[in-house]
Amino acid sequence: MFSITVRNNIFLRLLLHKDAKSFFELMNRNREHLSRFMPRITETKSVEDTERVIALFLEQLSENNGFRAGVFIEDRLIGIAGLKYIDWLNLKTEVMYWIDKNYTGKGITTECVRKIIEVAFIHYKLNKVIIKMSVDNIGSIKVAEKCGLRFEGINRQDEMLSTGFTDMRVYSILREEYCKHSG
Amino acid sequence: MFSITVRNNIFLRLLLHKDAKSFFELMNRNREHLSRFMPRITETKSVEDTERVIALFLEQLSENNGFRAGVFIEDRLIGIAGLKYIDWLNLKTEVMYWIDKNYTGKGITTECVRKIIEVAFIHYKLNKVIIKMSVDNIGSIKVAEKCGLRFEGINRQDEMLSTGFTDMRVYSILREEYCKHSG
Amino acid sequence: MFSITVRNNIFLRLLLHKDAKSFFELMNRNREHLSRFMPRITETKSVEDTERVIALFLEQLSENNGFRAGVFIEDRLIGIAGLKYIDWLNLKTEVMYWIDKNYTGKGITTECVRKIIEVAFIHYKLNKVIIKMSVDNIGSIKVAEKCGLRFEGINRQDEMLSTGFTDMRVYSILREEYCKHSG
Amino acid sequence: MFSITVRNNIFLRLLLHKDAKSFFELMNRNREHLSRFMPRITETKSVEDTERVIALFLEQLSENNGFRAGVFIEDRLIGIAGLKYIDWLNLKTEVMYWIDKNYTGKGITTECVRKIIEVAFIHYKLNKVIIKMSVDNIGSIKVAEKCGLRFEGINRQDEMLSTGFTDMRVYSILREEYCKHSG
Amino acid sequence: MFSITVRNNIFLRLLLHKDAKSFFELMNRNREHLSRFMPRITETKSVEDTERVIALFLEQLSENNGFRAGVFIEDRLIGIAGLKYIDWLNLKTEVMYWIDKNYTGKGITTECVRKIIEVAFIHYKLNKVIIKMSVDNIGSIKVAEKCGLRFEGINRQDEMLSTGFTDMRVYSILREEYCKHSG
Amino acid sequence: MFSITVRNNIFLRLLLHKDAKSFFELMNRNREHLSRFMPRITETKSVEDTERVIALFLEQLSENNGFRAGVFIEDRLIGIAGLKYIDWLNLKTEVMYWIDKNYTGKGITTECVRKIIEVAFIHYKLNKVIIKMSVDNIGSIKVAEKCGLRFEGINRQDEMLSTGFTDMRVYSILREEYCKHSG
């Protein structure tokens, strides 16, 4: 179905209703791992809940407000990545992603994020892409840096995780930086 | 962006708001050609109207009711193709398509329709795919036959074109026929 | 309340919320009989469900998309009949009906269908009325033929009944045929 | 179409979209006459506006909140009558009506109102029916009295007409009075 | 938060979601007392139900259709008062109120109603304010009279209480009376 | 009407439909002044547009998503202030405000912002309040510092003003800081 090729056999593919089962199983395999930084994942408790999540993903796309797509290796769903929202007034967006714990450390996330940044600048013609992560989320900090984003500052107690409020690091890349980098 | 590869450089790609201008120009280049079998195309009179049409296409996808995607050669939009609706109660669907008059006769439509039929049977796991066309739409009759659909019958005075009511030919292919053919 | 007289003591009457109880009982008396050709009837399991069905009937009318009315002998509800939808673009419609098993074989259905066809052509000024039925639904085939509809063809595996996919016979009558017949 | 017989050739018939033209013409013939007690009638300025009014009438019915129907002599639309709303919590309703100035004084209104009161008590099983009219609306006062309603009191400056605020007379009939009267 | 000062330490304050708990407890302490004249209060059975009631109050305000606010002594919620609706076509409104049984007989209700009448005439510039109460609701009759409203008449069997239909007394005050009184 | 007292004769008062005229005039007097940092203000071009803006303000309140209120000296509307949104998942919010150019430099804004911060921490029980302003908006920087917020960092090219993208300074105050400061 509708997909963006990241490289060879890695795709960002739109999730449809029929993907609910495999998406739910992916969440189940990663609940412990994910709930640290994504506390709300615990609200998705069944395949039916997951269908509603997929419907929300498609609504986001149809409202021109970014997208969340499945990360696939061939036909295997291993994560979710996309643009959390698009702020059309200020032409900025925020990248989101998470990946199955068995597939981390292989550079897949970095390649997906690079592709999504390309979509934001080339396809949507935005001016700024940000990534935010908890200050102790070392993996995400590395991804942001590898993708050429610059550290902007720390937002104090900016998100409530299951362990309490956490400071968030903010990274960003501007259109002018992206073009210099890519041109 | 999100696309399905038909072959080499031919894609079915989801249209987003930013495609409104090129989609409107495509319609303009083909108005005379299209208005014969698609009288309602005359209702889309501006880029703003076209943005609303694209929004409807995306809504259709998010409602799990089929899709309409752009037919692209590389980055050039040359047509629209998809599934008009999905009747989930009876597991059937109907293919729709139209293509820029400069690109007809090259087998592109046939290849797109074949791909869409594959999506219907393999991806959506439906039981029946139909194609309907006006009895004097020779081009579409050929496409249906090349794609392995069988003639079901004629629906008398079934659509109102700008020239009056027209009889429609109905073609269909069933899952069992598709699987035999493809297996 | 609001009704169309079919003959003497037979009426098509709009169902209102207060009819939910008798409508639900009618369905209960005919569940076995009906579920063969109308598998979804099993979804209506209570008077509350039935109230929602009646609300949908009234919404259909208020959206100018056909109607479903009760078939009454005097004050006794014995069936449902109407127009499934109105395709205003192509000026066509489809008749639907079912009747209590104790009242079949008396010509009541045929008279109701004749009246509904009259409403479609005279009142709504449509161009085509169709009736579709499963190929082994002998009763409905007779009704269509008695009402002057002509056989158009067979739609293969077109509906999913509780027993699997069924081929559907399509009958139709055009405005020109109706006027000749009636004039 | 769907109608309630008032007597011989007088009907309350549901208005459908196709009645917009004759309904608009009826309003036009009676604008001066009507605008005195129905100032908002001036807001309906075209057949398109009238279609929206008819859609609102049908919505009211589908929401189980009363109805407004056309008053017909044979096929000729001569007025509007119905129940303004149904207060299901308190089982009460209010009758409304107006009639073409050429048809007043013939008892038609009184017969329609009697039928509507019957619908309210017998069909909807309500407990109270009221009619309100401006204190100088002699015609309506007579209708209320002929239909057996009793004077309840005067609501001071209760409606704003084109000539300023007017006191309204309130008449009512209770279920117990109706049953005694009819039984 | 947003409030209207009635006098010294008495306020009409908008209820927000966070007030649901204290509002629910107030209803619980007064259920027996209130259910006589407000039978629907029994439908609010939990803090969650109460949150929905508060959301409806705020919606009413945002639709410019009156308001329902908490009556507070300092920070203690002791009742609800406001305008049930605003009839902008006829510039009239209806006052509603109820108060904790431990705070009746202290003139608080009367002062709140006076303030609300002021809001209706001075702030909303309406023409008529009414208060309706069951004929045996002596307390409310006194409040209406103390606030300068005049008796209009009795609406027979106008509301259904838990004990059956009740006659309602109607009181009103007109802008011209209010201005003479206040000027 | 519903207001929060900031001090003596300064209030945050909810705007209602009737305030549209004075709100529109306030915007008109300050268009040049405001359009530098609030480019979208140019979209409100009439009293009717302003009524829609007020309706949006009230909707925001009824959705429990913060508020925008008028800043009043006695009965004179001189500005707008409130909470842009409430992020209930992370218990944070953002203050917004603007004031008539003739009333700046008198400490009114600072007092309003202090009151709003109090509402956020004491009333809504949130954990974090932020204020963002363009790096060259000296006035707003002073307000933030006077209200005890701490500088968090600079968001590069974070808003698009009429003059192009601007870097934004972010200030914040946490619940623990507010309580120490206030306790």
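Think of it as A, B, C, D, E and F in the order they're written, each chain with its own count starting at 1.
Just so we're on the same page, contacts are C-beta pairs under 8 Å (C-beta built on N, C-alpha and C of every residue); 3 or more make two chains touch, one makes a residue touch a chain.
Since we're looking at a predicted model, the values are computed, not measured.
The fewest steps needed to get from subunit A to subunit D, moving only between touching chains, is 3.
Touch-path distance (fewest steps) from subunit C to subunit E is 2.
Chains touching both subunit B and subunit E: none. Shared residue numbers account for over half of those found at the interface formed by subunit A and subunit F, and the copies are therefore classed as meeting with the same residues.
Chain pair D-E has a twin interface among A-F, A-B or E-F; that twin, with over half of the contact pairs alike by residue number, is A-F.
Distance from the centre of subunit D peaks at A, each centre being the average of the chain's Cα atoms.
The rotation that brings the Cα trace of subunit D onto that of subunit E spans 180°, given to the nearest 5.
Summarising the inter-chain layout, the chain whose CA centre lies farthest from the centre of subunit F is C. Centroid to centroid, with C-alpha atoms defining each point, subunit C and subunit D lie 32 Å apart. Subunit A and subunit C, compared by their mean Cα positions, are separated by 51 Å.
Residue numbers of subunit E whose C-beta contacts span two or more other chains: none are found. Viewed as a contact network, the protein chains form a single closed ring in which every chain touches exactly two others.
Every residue of subunit A that touches subunit B in the complex is listed here, in rising order: 1-4, 12-14, 16-18, 55, 58-59, 61-62, 64, 67, 69, 119, 123-125.
Within the complex formed with subunit C, the residues of subunit B that make contact are 40, 89-92, 127-128, 152-160, 165, 170, 172, 174.
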